[in-house]
Each structure stands twice: as structure tokens, then as C-alpha cells.
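Each in C-alpha cells, the structures are laid out below.
There are two complexes below, and they share subunit A, which is joined by subunit B in the first and by subunit C in the second.
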Partner chain A sequence: MILYLLRRLFLLAFVFIALSILAFSLGYLFPGNTLQNFTGMTDISAEMATQLTAEYRLDSGYIQQYIAYLQRIFSGDWGLSFASKQPLLQEIKILLPATLELAAYALLVSFFVGIPLGIIAAIKPEGIVSRIISALAIAGYSIPIFWWALLLIMLFSIGLGWLPTAGRISVLYEIPHVTGFMLADILLANSQHQTEALLNALRHTLLPTIVLATFPTTVMIRFTRDSMLDVWEQSYIKTARAKGLNRAQVLYRHALRNALLPVIRQIGLQFSTLITLAMITEVIFSWPGIGRWLIDSIYQRNYPAIQAGLLVISTLVISVNMLTEILHTLFNPLARKR
Partner chain B sequence: MARFRLLPDEQQARSPLLLLWREFARQHSAMSGLVLFILFFLLALLSPLLTPHDPYLQNDALLLIAPSWSEQGLVQYPFGTDDLGRDMFSRMLVGARYTFGIALITVVGALLIGLLLGVLAGMSKGVKSSALNHVLDLALTIPSLLLAIIIVAILGPGLINTLWAIMLALLPQFVHSIRNAIAEQLNQDYVTAYRLDGASNWQVLTRLILPNIWERLTVTATMALSTAILDIAALGFLGLGAQAPTAEWGAIIADSLDLIYVAPAGVALPGLLIFTAVLSVNLVGDGLRNAMKKRREN
Partner chain C sequence: MSLLMATVVSACQPQLPETVRSGLVYCSEGSPESFNPQLVTSGTTIDAISQQLYDRLLDIDPQSGELKPLLATHWQVNDSGTVYEFTLRPDVQFHQTEYFSPSRAFNSDDVVFTFNRIMDKSHPFHYQGGGNYPFFQSVDWANLVERVIAVNSNTVRFELSRPDSSFLSNLATDFAAILSAEYGASVLAQGQPGRIDSHPVGTGPFRFKEYQKDVLIRYYRHKTYWRELAKPEQLVFDIVPNNARRMAKLFTHECDVVAFPRVAELGLISQRPDVDVQESTSMNVGFWAFNTAKPPFDNAKVRLALAMAINREAILQAVYFGYATAANSVLPPTSWAYNAELPQLPFDQTQAKALLAEAGYANGFSMDIWAMPVQRLYNPNALKMAEMMQADLAQIGVRATIVSYEWNSFRRKLSNNEHDSVLIGWSADNADPDNFFRPLLSCSAAQTGTNRANWCDANFDRLISQALLTSDQKQRRSYYMAAQQYLAEQMPLLSIAHSQRFQALNSDISGIDINPYGGISLATAVKDVK
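Right, the complex of A and B next:
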């Protein structure tokens, strides 16, 4: 296990180095002035340019430049945004929790809806209930997310007027930024309109969460169902049945544990898709997260922001990937052998 | 009493492909998916010949005509016209070429490159194999939309530029599945036997491994195709992919979004088409997977 962890850490280090090299090279690959792309400053006077060039070591070789880049990344100097002239790291710190919040809710929904539905669908694979669940799952799997979001907005926000269309919370409420997670911040804020604010935030969250959860939920349903059907045919299930355990006992004690193991791994594999979908959802619901910021950045040709966004999002995805894989190995001794 | 049989059962005497087809054809959902898939494929090939009007011709006498099923519609314009007087029906037909056709090309491209890299990774051992793997792990962690954003930032927006991004995003899953499939095949006894007969790596690959993995590859390719269609449409919708006059379905939705109250059909129809196209691909993929599973059980 220790050897395994060491190998994983080595791999992690390798991937991070490759990622930082990619992010660094973008400063050269993006159109425009390299110095501007690295600093994020658009009008640089001549003497400032020489000073910055020395500071960023743009006059020396690529390797020195890369090392200087790494030092800047670790010291928290990520450059400025072209659009707002604010330090990028500060902006990301405010935006990232919003994305994480949305993605976390969607993942939770996909667990609590997807896994039970998948289990139900696996109990009688040819039954009518199972067929309906499978049909819903394949429909949810095929729907383009932006169109689905527009349909739900048309129905619930514009047609029925039940839910708001955009933002995280009504502008009436002023919630100080503490953790960045809206619901936690409201609970910490301790204002007199706490309940109203909470309800308002929940109403804002509901539609984006449903939209974003659709894809992971259907993946969970399909995956849990297939995994359960697989496990259900193993010989240890037959043994357990032969020993006289009833269906529920077998399901709980033997089938579920083995069937849900690969599901952990699936989270890691689906996480990068989830982030892609979260970015689209954020654009449609004007959710102030990092995805909408990145897509705005491309419209504004805000290259430093794209560079920083790549670094943050990929780090996030790599970490989640690694974490789920390590968890999977921890729970499943069979996977350690490889 | 055991009976001696010179010839095997009629069932087993059939070729594996025929058995697969029989199992596939037994599933109604898979067959309807296949019909839709062929329809979309033909549409992507032949749409310029089928359009009743020029999809890019702007006609200011016929702005925003309602679809022909409403009272105000014209029968010549089955889906109405958009705010520039372009025939929606023709645009939908041509859109199949962009959204579905380009997605198909992307997947075929990714499949071929993936096959090359996957074979290299699967047949080689040691450093070369693991280095390739780690580079792919990196590519796997960059979300496809982010990859597209970076490529668009470097090369500028456009359908062809995003095609590279999607191809790059699809590549890792192809390489992984091909590599795993090859590793599985290499452990089989018949491969060892063939090697003992003096077969070279190339012979093992072309005579044994490729014929045995192509069905699995098809399933991976259908999954990739559904992702590719969704990605192309999403990028078109965000304005990063196909640019404004192009009749790509996602771009049409983005175009008609400001008129969603006046002409909801402009948003509803292309979305429905994307949904149907992806659904048909997924139905075929699922049907194929089920058929393979059933064939193995029998």
C-alpha cells in the first residue's frame, strides 16, 4: 500500500510538472505580447518593461523563465486580469467556491437519486420499472445540457414564475464572503433575515443543480445498474443465497458493497465532464463561478485569466481523480495488485 | 444419452457477426436507434441536395414566418423562417452536416490516432508505455471545454479549431480502452500459441488482436460520438465553435435565443434534433453492448 501511494505521488508530481509546463508555454502560444500575457498589464512603459523583463527573467533561457514562473505561482503572484486589473488569485478565490458548491450539490443529487434508482433497476432487469428507469436514464444521458437548461427556465421561471432565472441569491440580501459557499455563508452571517435569505438562495440553487445533476445522475443509474447486475451473478452471491440469507440481506451485506466500489472510481472519471457541464450551466444561469468567468475571458481575450483557469481547474480535477483512485484502492484490496 | 454430432448446432455454426446482428435486431430500441442513425447519416451526406431553399439566403419579405403547423405559417416553409428570412427547414437539414457530420469525422480521426497510440502503448512495455500513459492522464484531466477554450484562444474561434480540441479530448479514452483491450488479448492462450508458431508482433496484432477488439472499439466510438455531438453543439452555442451564419444546430439555438418569445420553434427544433441525434447514437451503442453481452452468454 505504501509503495502504491508512493507511485501515485510520483505520478501526481509528474502530472503537475507537465501541467505547469503547459500553462507556462501558453504565455508564448497565446497571441499578443508575451510580457503582457505573463503580467496581465496592458500598458507597460519602456522602463517598466525592462524592469519586468528582468523580474520575469524573460531575457534568459526558457528554463530560467519556467523556474521564475513556478516561483511566482507558489508565492501567489499570478499576474493581473486584463479585464478587471485585479490580481487573478484573488478573483479565483472568490469564484472557485461557487463552482465547487454547484458541482457538490449536483454530485450529492446524483448519489441520492442515481444509486437507489440504479439498484431498483437492477432488481428486475426485464421488469417495467427497470425499463422506465433505463429509458429515463438514456434520455437524460442524451439531452444537450444548454437546451435542457433553457427548457427548464422556460417552464419554471418564465411560464410558471416559480423560480428565479439567474444568480446565486437576490441582490436584496448582502451576504459577507467567508467560505464562499453561499449556504454556509448565510448560516454564518447571523443576520435577522437569515431564513428568508436561505430560502432565496435555495430557490436560486434549485434549477442549476437539477440541470447540472442530470448527466451525473444518469451516469450513476447506468453504472450502478450494470455493476449490480455484474455482482449479482458472482458465485459469492449464490453462496450467500444458498446459506439462506434473504434478498435484502444479500443485497445489503454482499451485493451493495461490491457493486458500489467501482462507483467511487466513476466519480473521479466523470469529474472532468462534470466541470465542463458546470461551466455551461454557469453561463446559462449567470452563476458567478469560475466557468462563466473563463468563458467571459475568452470573449474578452483575457489570456492571463485563461492560463490561471487552466492551472486551477486541472489541479482540481487531478486532485479529485487521484483522491478517488486512492480511496478506491483503499477499499478494494484487489485493485492494489496492479 | 450423448449423441455424436459431426456438425455443430445450427445456432453455433453462424458467424459471430451474424449472431451479434440477431441479438441486436431483437431489441426494438436499438433498431429504432439504428434507423434514426442511418437517417442522420444520410442527411449529413445528402442535405445540400435535399434543401428546398438556400439555407443562407436572406429574404426580407419573409421575416419570422411561423412554422407551417400554425395558422400564420406557409406550407413552403415547414419550420418557418428566422429573423433574417432564412428558411429554418433548410438550415436544420444542413445543420446535420455540421453537428452530426463533423462529429463523425472527429470520432473517426480520434479513433485512428487512438488506435495508433493505443497499439504502441499496448504492444510496448516499460518506460515507453508508462510515459505515454502519464501524458494521456494529463490530457484526461483537462475538461474538454477548457481544452477548447485554450485552443480557441490560440487559434481563434471556428468549427475546425474546436474539432481539434474535441479530438484531443476524446483521444485518451480511445487509447485507454484500446490499450486495455490489447493487454487482455495478449494474455489469451491463443496468442501464446500463435507466437509459438513463430508469429511476429505485427502478425499477432493484425490477425488476432484487431479482429477481436473491433467490436469493443465500436462501442467506445459510439460513446465518443455522442460526446462529440454534444460538445460541438455546446461550443456552437457558446459562440466558440461554428460562427454565426453557419447553420450548426447549437449556433442556431444561440442565434434564436433573443427571439425565444416570438419564435420558440427556433430554439426548440434544433435542440430536439441534437437530442434525437445523440439519442440515436446512444441507443445503437447500448444495443450493441447488450447484444455482445447476450451473445457471450449463449
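Right, the complex of A and C next:
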């Protein structure tokens, strides 16, 4: 098992090196001045340029430059953003939690809605309930997310006036930025009106969460259903039924555990799609996350920000992928032995 | 059961904190460039900062256009009109903020500090933020005001090099906000002089709390304000550049007030019972300025021909949707100096062609029309206007190309006079007619780069300077009449329309008026909580 973990970690390190080489080479591949792309400073005087070139090792070979780049990444000097002139790491620290928060809610919803629905659909595969669930899942799977989001805004925000259209909380609540996770920050803010602020934040979260959860939920439903149907055919289920256990007992003791294993693996595989969809959701709901920031940066040709954003997001996706794979192995005795 | 009931009821009518309940959200269309009104001209910035954070020495009555005392309680002028003495209001407090605690009330040192920053090159803050004071440069402030002297702690004397009848009006504009000398000394001692413009301290109804670029500006009520305290305890400027998104936020009541609703959507807004539209005729003009230093636009005949070829009536309908008055002069008809006898410029393409032939361009020529990329009150859609003009000009053989850049580079390139012609406009800062002439068309404005026609004409400059030397309104009017007549003949710019200003707000908000002279004030806004 330890050997397995080491192998995984080694793979992770290798992937990270590949990613950082890509991010590093972007400094050269992007148009414009390489020094500007790396530092994020736009007007560099001649003497500053010499000093910075020395500091960034741009006068030596690519290998030395890359090592200097890695050192900067690990010491937290990620350069400045062209647009705001602020340190990029600082900006990302503020923005990333917002994206993670949204993605986490969406994943939670997809678990608590998708898995039960998948099980229900699998119990009587030819029944009307199962057919309805499958049809909904197909519809949810194929609906373009931006259109779905606009439909929900038209109905619940502009039409009925129930829910807000943008942001994480009403701008009138002043919540100091501590962790970057809105709900945690509200609890930490120690104001007398926590309940109102929490309710307000939840109202803001509802629509983006529904929109972002739609795709993973449908994936969850389909996978749970298929894997349940698969497991249901196995001989040990028949044995359990023959021994006199009722449907619910068999489902809980034997079928579910085995059926959910491939589902765990799916989370990792779907995570990159989830992050891409989160970017679209953030743009539509003006959610101040890293996805919206990255898209704005692309519009503004903010090369240092694109470079840093790509590195952060791809590292995140790879890490989550690894993590679910490790979890999958932990829960699966067969894989553990291999 | 009763507990459950209580929860349900309290959920319906939550006891919101005061800052949220009486807080006002104003959705604006852009981020401010600075928090110091001296440094800017853009209406977006002035709306967001000037009347909320600062006071001026004088105020303009929005109804009558007359001057009213504000931080100066009264003032005297000597007989030759060159020395103004202001008595200052006692017990006016500056903002107490997280970064500054004032130890004294407002006095004459603050006034001297404020105005010396603009004109004294050795002032420690003069070059802070670039050393450009666009409004003051356009009215030739540095040459006009020789000295600002603190006579005693509550008297200030301005000594002018020549009489200027627009001087008091200029002091009442949103740009002439009073800064704190004590705060200036404090940021200087901290070695962070830039904070004077980014972390503002003024005497206005609100104090600064935080600013997140492109996200929001947060103000709180100034608790020791010398006038009636601001009604909203908190004021947030939610920055939403997208028009459609701003409308959506108005309909969901995430915004209480929305700046510049699109004229095309006014019909839609008025159908909703929960949203009101306010309207006022504003002192502004949208125009088409020719770069008169570049041939062939240095020829008045060419300019007249181009002006005559434009169907302005169609533009009024298609671009302003009828919510504007056709302009016949650069001055709006509501100004006391408006020349009503000015002949109407005809829309006559045959005559335009003849004029072009007379000027030696019988076969026409090619030119650029620069269309500003942003929506402004005086020109809600410059691109569409440019397209219509392109079609009109093609009729007289002039091939026009439409040019547009991102707003900041657009203005920079304009100031360098790289354009052939440009669609832009002007909103007045005060009620004085001079505000339409000198900042737009004088030689000094051509030097500072706010004269979009790049026009420097000795005759015209003489007329508008003479109008300033006297304070007799009849005499001034005759000069301005002549100046308008002269403009109609020379046509350095074609005035297109005087637009109405609109503002959409939730129907439970009251107490906000549109000020025809410059920025909005939100201190009197009341939110009627149901």
C-alpha cells in the first residue's frame, strides 16, 4: 500500500513538473516582452530591466531560468497582474476559495440528489419512475449550461423576484475576508446579524449551485444506475436473496458498497469538467471566483495572470484526480491487493 | 407551535441591521479613476465621489442655477472684480476614518492647501497623480488665480490677475472639492502621499470605507456632518458595466438606483410597477468635432458642407429614441445666454455638394469618424450614430471610416489630436455659459487637449474672454450671442443634440433628484422599508 502511495506521489510530482514547464514556456510563447510576461510589470526602466533580468536569470540558459522560476513559485513570488498591479498569488488566494466553495456545493448536491435517484432508477429498471429519471438525466446532461442558467435567472430572479442574480452576498453586508469561504467568513465575522447574512448568502448561492450541479448530478445518476444494475446481476446478490434477506437489506449490505466504488472514481474524472463549467457559471452569476478572473484575464491579454491561473487550476484538477484514485483504492480491497 | 410561528414570522420580516436596512445600493457603470475630484473629468467618477465625500465652498441651486453658500457662508468682491474674500463656516468636521483622525475642524488652511495643490508647482502634492488638473487647466486657473491667502482661520482671500465672471461658478463645480490639509501632512509624514487620492478624507455626508476595483465602493455615514446627516447609514456603489446586467439587478432589487438605463429600455422599465424612471433636461451637448488643424477640415466650407450633409432628425430618432432636443447651438436652450435667433442649419445635401466643389473637393475625400466606445448621456450610441453619418456622407461623395478604441486609449489619442473627426460631447459642471465655451473651444483648451476640434481662433477667444471681464449679465449675453453666431459660421463642431438624463430607481426610494449641473447626491435618499 505504501509502495502504491509512493508511486502515485511520484506520478503527481512528474505531472506537476510537466505542467510547470508548460507554464514557464508560456512566458516565451506569449506575445510581448518576456521580462514583462514574467514579472507582470509594464513599464520597466533600463536599469530595472538589467536588475530583473539578473534576478530572473533570463541571461542564463533555459534550465537555470526554469529552476529560478520554480524557486519563485515555491517562495510565493508569482509576479504581478497586468490589470491590477497586485501580486498574483494574493489575488488567487482571494479568488480560489470562492470557486472551491461553489464546486463543493455542486458536488455535495450531486451526491445527495444523484446517488439516491440512481438507486431508485435501478430498482425497477423498466418502471415508469426509472424512465422519468433517465429522461431527466439525459435532458440535464445535454442542456447547455449557460442557457439553463439564463432560464433560471429569467424565471426565479427577474420573473418571480425570489432570488438575486449576481454575487455571493448582498453588497450591503460587509464581511471581512478571512478564509475566502463565504459561509465560514460570515461565522467568523462575529456580527449580531449572522443569521440574516447567512440566509442572504444562501439565497445568492442557490441558483449558481443548481446550475453547476446539474451536469455532475446527471452523471451521478447514470453511473449509479448502471453500476447498480451491474451489481444486481452478480451471483452474490442472488445468494443473499436466496438466503432470505429482503430487498432493502441486500441493497444496503451488499449492493450499495460495491456499486458506489466506480462512482467515486467518476468524481475525479468529472472534476475537470466541473471546473470548466464553474468558469461559465461564475461569469453568468458574477461570482468572484478564479474562473471569471481567468476569463477576464484572457480578454485583457493579462499574460502573467493567464500563466498563474493555468498552473493553479491544472494542479488542482490533477491533485483531485489523484486523491479520488487513492480513495478508490482505499475502499476497494481488490485494487488494494494489486 | 408558537415558537415555530415566531420563526416563520421573523423569517418573513427579518430584523435587518441598520446598515443593511437603510443602506443604499447605487449601481454605476464603471470604476472611478481616482477619489480626488480635482484630477478627473469623467462623469462616472464625479457621480461616485464628489458630492458623497466632499463639500465645496459654494453650491449651485439645481432649480434656479444660482450660487448658494456651502462651506463659505458669505463672500465679498472688490470693485475691480479681482479680489474675492470668503468667510468660512465654523465647526465643519472632516471624516474620522480608520486611517485618519482629524484633530481640528475645517479652516482656511484647508482651502489654501486645496487650491495651492492645483496651481503651485512646489506644493508637495502638485505632481501627485501626474500633475494634471484637467478642469482647472481648461479654465486657465493657474494664470487666473495669483494667490490664495488665509487671512485668518475663517477667512480666505483669492487674488485674481483679471476679473472673471465665471470664477464663482467654477468654485461651485464638483471638481473644486475641499481637501484636508491636516490629512495631507499626515500621509506625507507616513511617506505615502498617494493615499491622499486613494483613501479620501473630506467633509461630505459620507466617509470612505473600502474600494475593490471593478467590484464596489463602500461608504458609511459621516456621523458629525455639519448639515443634516445622510439618510442612508451605508452607501454602496456596485460597479456593473454591463447594461443588461444592471437592468436585471434593478428588477431583482439588488440595485436601488441604476445610472444611465439604456434609452431603448425605458419603455420596458416603465411597465413595471416596482420601478420608477426619473427624467431631467440636463445641461449637455453631443457633438461631432472636426480636427480643424488637419486639412481639409481647416477649411470652414468643408466643415459646413459636412455638417449640412447629416440628417440630424434621423439621428435624434434612432440614437436618442426621441429623448433629446435637437441642438442648434453648443449651448442648451435652457441657458440664459442661448441665442434663439440663430438660423437653423439646413439638411441639404445638394448645397453641401456645391460647397465641397467650391472648396475644391468636387470628388469628395476619405476621412475617419472616431466613435467613442462608451455610452454617455450626451451620446448613448456613438457607433450607431457614426454608421448613420457614414451613409449620409457617402451621398456627397465623402468616404468615411469608423474608428474606435478602448476608452482610455481613445481619450489619449484624442488629446494627441490623431483624429479627423470625433463623436463625443460635454456635460456642464455649472450653470455658467462659459462652461460650454472655454473648456471646449478655447485656445487654452486646445493646448491641454480637451478641445476636440483642436480649434484656436483669436476672434472667438476674444469674444469669450471679453464676456468674462464683465459681470453685467446683459453685456455678457451679447458677447455669447456673437460667439454662437461665429460658431455657426465657422462650424468647428456640429452640435447634434441635448439629451435628457434618466435614472431608474426602485419605487420605494425617494429623495433623489437629478442635478442638471454635474454629479448626483445620494445623502438625501430615503428607503421606504415595507
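Quick note on the criterion: the second predicted complex is superposed on the first by the 335 of 338 C-alpha atoms of A that agree within 3 Å, B and C clash if a C-alpha of one lies under 4 Å from a C-alpha of the other, contacts with A are read in each partner's own complex, and residues count from 1 in each chain.
Note that in this section contacts are C-beta pairs under 8 Å (C-beta built on N, C-alpha and C of every residue); 3 or more make two chains touch, one makes a residue touch a chain.
Here the structure is a predicted model, which means the values were calculated and not measured.
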| item | value |
| --- | --- |
| Clash-or-fit label for the pair subunit B, subunit C on subunit A | fit |
| Partner chain in contact with A:L29 - subunit B first, subunit C second, else both or neither | first |
| Degrees between the directions from subunit A toward subunit B and toward subunit C, using C-alpha centres, nearest 10 | 100 |
| Which partner, subunit B or subunit C, touches more subunit A residues | B |
| Touching partner for A:L9 - first (subunit B), second (subunit C), both, neither | neither |
| Touching partner for A:P288 - first (subunit B), second (subunit C), both, neither | second |
| Subunit B versus subunit C as contact partner of A:V129, first or second or both or neither | neither |
| Contacts of A:I138 with subunit B and subunit C, given as first, second, both or neither | first |
| Smallest separation of CA atoms, subunit C relative to subunit B, angstrom | 5 |
| Touching both subunit C and subunit B, counted on subunit A across the two superposed complexes | none |
| Residues of subunit A touching subunit B in the complex | 11, 14-15, 18-19, 22, 26, 29-31, 135, 138-139, 141-147, 150-151, 154, 272-273, 275-276, 279-280, 283, 291, 294-295, 297-299, 301, 303, 306, 309-310, 313-314, 317-318, 321 |
| In the complex, subunit B residues that touch subunit A | 29, 134-135, 137-138, 140-146, 149-150, 152-154, 226, 230, 233-234, 237-240, 250, 253, 257, 260, 264, 267, 271, 274-275, 278-279, 281-283, 286 |
| Touching residues on subunit C, where the partner in the complex is subunit A | 11, 14-17, 19-20, 23, 25, 209-210, 213, 215-216, 218, 234, 236, 238, 240, 245, 248-249, 251-254 |
| Partner subunit C, residues of subunit A touching it in the complex | 84, 153, 157-158, 161, 163-167, 170-174, 191-193, 195-196, 199, 286, 288 |
